[in-house]
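As written, the chain order gives the labels A, B, C, D, E and F, with residue 1 at the start of each chain.
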C-alpha cells in the first residue's frame, strides 16, 4: 500500500536544519523534517545541578514542549493544568540522555548546557527531530565556548541523530509522519551515532507484539535514516573526527 | 542623542507579517517588528466559557508566552515554577481585551477563538507585536469561518494595532527596542483602531511622573505608529470597511 | 441620566482612611471609598529580592487579594484553584509600580516594604482604593523607620493616589461604583501625584473605542478626584513638602 | 504568677461580636476576643458537594485563613507557596465539624453554607473565635433563609462556642493570649454547646504529658468560658430553644 | 448489640509489630492492628528545619499517606490533585506532635528524624496505628544512633501509643474498625504514655454532643487499650525506664 | 569479575509473587525480585477516560510511585514538590503501554482498570517488577470480573513480563541489582510475552554507545529472564492459552 505522501518505505522526508535561528541562544537551529518543525536553542549557564557541583564536570539537559497549536487541535498549555505533560517528561528525559551520551563532561567543565526543544509544528517524529536538531544546537554552543577560549577543545565525542521507524500496513517503514504513526502497529525510535552505533532504542508494540526479525528490519531502516541525518548535521558541524 | 539603531524618534522598526505561518491553526501569522518575533495562532473551538454559554454569543481570549531563550538570558519555564508569570498574565489580559474590542460577539456566534502569542525572540514591544499580529490571526480565522459558511459575515468591526512609545534621554520616541525600553523614563503602550481611536492606553512613569503635555506628544507618535501598522495589516486583510 | 446613588458626575464617594487599623504591621490603614473597603498593611522586611541585593537600595512591592465574599457571589480562594487570579496579578503589579514611583530607593536603604491590600468589601474601584490607602500605609511604615532612627529621612518623594473614571450612559463620570463600572463603555484608572502629574494611566474601551477628547474629559475628572484623595491622605501624613 | 494582661486565671478577654459586618454575605460578623479579630462570612450556595447530591440534605463547610500581617511577622500567602498551610487545613476541618454538629441537614435542605473565617489580627485563640463567630454568621444566614421562606424552620439544633484553655506557669488558665499560648505546657480547645456538652475536644501536652486531674480542671474553665461566649452569641441570636 | 467482629466492647483487635520491615530506613516497622496495616519508616537526616538550625537541638516530624487502594474504593493520589489531602495534613501534624512529646531534642542533637507512615490497608484507626508503630520506628532509629556512637544516650523520655474509642450503638467501645467508626456517634483518639498520662486527646461528637460522663468512660477504655499497645511496643523496645 | 551477589551472568534473583496481598483491590499482589518489593493493586472502575467514552471499549492505565524511604536516602514525596517525578511519569507510561498490549479492550467492556505499583523497597529493576507483578494483579481483577459474570471471557490475550539486562564490567548480565545498575555501561529493559515476542524494548548507552551484537546478547538474556518470570506468573494465573 502506498504511503500517504507517496514516499518509498525506506525514504526520509525532506530535512532542513537552519542555524542561528534565534539571536540570543549560544546555539540555535530550526530543524524541519517534512512538516515537523522544532526550534532547538542551547543555553550555556554557569550554574550546575547539585549532583555535579564541585566535581569540575559539566551537565547537559533538555526541555521539550509543544506550542498549543502545533497539532491539529489545540492543546491546553501545561501551566493551565499545572502539570508537566507526562509525554513531554518522557521525551525530554530521552533527549537529555541522548545528548549526554556524546558529551565529554570533563572537557565541558563545570557548566550546564540546556537544550530547549520547542515544537512549533508537529507531524510525527518530534522527539527524533528534537534530538537531531538539538545535537546541532549543542555543537554550536560548544563551538562558541571553544572560540571564546572558555574551554580548550570540543567536548563532543561523536554525532547523535534519531529517527522513527515502524510497521505500518504490515510493512516496515522509515520516518513516520503523523498519519502513519497514528496507525502503526509497531513504533520505534532509534538514536544512533554517525558510526551506526546505538545510543538509545525504544520500541513499542502498539497493536501487537513484534518479533526479532521485525526488529532487525526496523534497525536497518533506522541505520539508513540516521546516516542521512548525520550527513545533514555535518553540513553545519563539518566532520567531527 | 542618537537612538542605538540610528532611527529617527518617530520612526518604526521594519515590520513584517507572514501569514499561514503554521499549518493547523485556523489563523496563523509570524509578526516581526525589528528583532521581535511572535507567532500568533488563532484557534476556533466550539466550546465557550461558562459566562457566555447559552447566550448565542462568542468569546475571544488570548494567551501570551515567551520561549525560555527568547531573551538575553534563559528564563525558566512557567511550568517549572508552577506559576504563570505575573507579567504574562497582565499581558494576555491586555491582548484579549484589545481583540474583543473589535469583535462583534453576536456575529461570531457561540464559539471561542483563542489567540496564542508565543514570542520566539524578544527585543522590546512584544505585547504590541502580539496585538498587531494577533489581530491578523484572528481575522484569518474569522475569514475561514465565513468562507466555510459557518458564520454569515465577518465579525470584526475594525482593526486594532498597538505600539509602544516612551520618553528616552528626555525625548519622546516611537517603538522602543529593548535597549531603549530598559532605560526609558516614561513607557506607554497604545492600542488603536485604524481610525486612530483608542482601544487601550497604558502609561507608566518608570523614572518620574509625567505631564499631560508629554502624554500628548506620546499620543501623536502612537497615532503615527499604529497607522503604519494598520497599513501592514491591510496587506493581508485588505480594507475592512 | 442620574447615577444610581444620585451623585453628580464629578463627585467622589465618601472617603475615609483609618490609620493603625491592625496592630502588628509597621503601617496599617483601612480605606473606605463608599462601600469599597480595603485593609492596607505595610510590612518592613530586611530581606530584599535578588535584583537589588548588594546595591544598598530598597524595594517596594504589593500584594492584592479579595476575601471570598467581598463580592456579591462567593469566589473560590486562589489556593483552592492553585492559581493566582490573573486580575489580581495585574492589579498588584500596578499597585507596586505606583508606590515605587514615589519612593527614593537609596533613602529607603537595602530593605523591602511589602504592602498587602486585602479587599474586605468590593463596590468598584478596589485597585484605586488600594493605591490610595497603600500609599498611607507605606508612609506610616517609613515614618516608623525614621522615628526609630533606622533611616535618616523620609524616602517618599511625593504622594500617589488613584481614581477610576469612565464613560457611562454616554457621560464621563468620576469614581465608578460597581453598578456603574459593570456597564461603563469606557473605563480608566489614573494614578496621579499631588501635583497632578501622571504616575500610571490605564484606559480601556470596553464597549467601543474612545477619542482623545473623551480621554481629556476623563483626565480632568481624574485630576479632581485624585486632588480630593491627596487631601484625605494629608489628614494623616501632613504636607510632605 | 500574674498573667501578662493581669487577668484572673478564669477570666475571658473582652468579647465583641458585630453583626452585618460586610454587606454581601448572607451572614456576616466580626468577632473580637481581646486583640484577636476574625471576619466570619456565611455564604449560601445552591450547589452541594457530591456526597450529599440528591439526598435532599444540606452541608456546612468552613475555610480558615489569616491575612499575611495578622501576626507579628509577615507570613507568605498560601498561594505564593501553592500549598494550603497544614495548620489552616487542620483548623478549617475543626470549624466545619463543629458547625455541622449543631446543624439539622434535612431542615437545611439540599444547599451548602460555607463559613469563611478570615483572621485580620491574631493574638491567640483564632480557631476558637472562628467557631464562636462562625456560629453566629451561620445563624444569620439560616435566619435569612427562613425569613425569605426558602426553608421552613431554623436548621440549628443548638449553639456552639469554643474557647482555649491551658496550663501556663503550672496553673490552669482560661482563654490564652498569644504570649501565654506560646509558653503553655498544655494547650487545649473545647467546643461546647450552650448546655455545656462537648462537641469537640482537643488537648495537647506541648511540654509534658498531662493527667486526668489537670484535664478536669481545664474542662471546668472551658465550661465557664463557653458559657460566657454563648451569652454573647445570644445577644444577636436570642434564645434558640 | 454485638460488634461486627464479635469483640467485647473493651477488646482490642489483634496487634502485631514487625521490626526491620524495610531495609534502608534507620528504623522500620510494619504495624498491623486487625486489618489496618501501616509501614512506619524513620529516617535520620542531618539537615534540620530553619527554626532549630544553630540551636543544637533536633526535630522530629511525620508524614502520613494512604496507598490509593488502601480503602474500599480507590482514592486519587494527592499528586494527581496537586493538593495534600486535608485529612492527611491534620493526621501527620498529630503524629508529629505525639512523637515530639516524648523526645528530648537536646539529647537528639541537631538532626531531624522523619517518620513516614504509609497505610497499605485501612480498616479504621490508621492514625493511632501510625503513632503506635511510628514510636517503635523512632525508637529503632534512635537506638541505631546510640549504637553507632552518634549520640550518647537514648533521647526518648517515654513511650507513646494511641487508640481510638467511641460511642457506637450507644455503647462505649474500644479500637473501632471501619464499619464501627463510620457509624459512631462519638469518636475519639487518645495518645497516651506508658504511665497512662495524656499526650494528645481528640474527641468529636459526630452525631450528637457528648457528656463528661461519656468522656470519662472513653478515657478508661483508652487507658486499657494504650496499656496493651505499650506492652506490644516493649516486645521490641524493652523497658525504657 | 564476580557479581556483587555472586550470581551467574544469566541468573535471575529470587522471585516471589504473593497474591491477595491487600484486601480491597480487585487484584492485588506483592512481587519481590531479590530485595526489590512492589505492591501491585488493580482497581476496577466503571468510569473511563474521555477518549474511550461511548465506544464500548475499556482502558488499562498504571501509576507508579516509590515510598520515600524505598531507597538508600529518603526522597521527598512528589506532593511536597507539587510535581510528579519525571522518572515516575516515564515509568508509569511504560507500565500502562505494556499491560494494554495484552488486553482486549472490547472484551473488557467500557470500564477502566488502574494498576497501582507502589515500590516499598527498591534494589534495581522496579519498573520491570511493576510490569511483571502488575500483569498478575490485572489478571486477578479480570478473573474476578469473569467470576462475577460482569464480563463473558478473560480479556487478556497473553502474558507480559519484564526484565532488565545490561553491560556491566564489559559483560552482559541479567536482572541488575542497584549496585550493578548504577555502574552499568549499557542498560536495557525488555517487556516480552510468554512467546518471547517483544512488547516494549528500551535500551540506553549510559557510558558509551553499543553495537547490534551487544544488543543481540542482551536480547537472549532477556528472553531467558522473562521466560522464568512467566513461569512464576503461571503459578498464580495457570496457563492462559
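Here is the rule we go by: a residue touches a chain if its C-beta (ideal position, glycine included) is under 8 Å from a C-beta of that chain, and two chains touch if they have at least 3 such contacts.
This structure is a prediction, so every number in the text was calculated from the model and none was measured.
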item	value
Separation of subunit D from subunit C in steps, with touching chains one step apart	1
Smallest number of contact steps required from subunit C to reach subunit F	3
Far-end chain from subunit F, centres as C-alpha averages	C
From subunit E, the most remote chain by mean C-alpha position	B
Same vs different contact residues, subunit A with subunit B, by half of numbers used	same
Distance between the centres, which are taken as Cα means, of subunit F and subunit A, whole angstrom	27
Approximate Å spacing (C-alpha centroids) for the pair subunit A, subunit D	59
Cα-centroid distance, subunit E relative to subunit F, in whole angstrom	33
Overlap residues in subunit F, where contacts from two or more other chains coincide	82-84
Neighbour-by-neighbour ring order, given that subunit B leads and subunit C comes next	B, C, D, E, F, A
Of all residues in subunit E, those that touch subunit F in their complex	22-25, 28, 35, 37, 39, 41, 43, 45, 63, 65, 67-74, 77-79, 82-84, 114, 116, 118, 120-121
Contact set on subunit E toward subunit D in their complex	82-84, 86-87, 89-90, 92-93, 97, 101, 158, 188, 192-193, 195, 197-206, 208-212, 215, 219
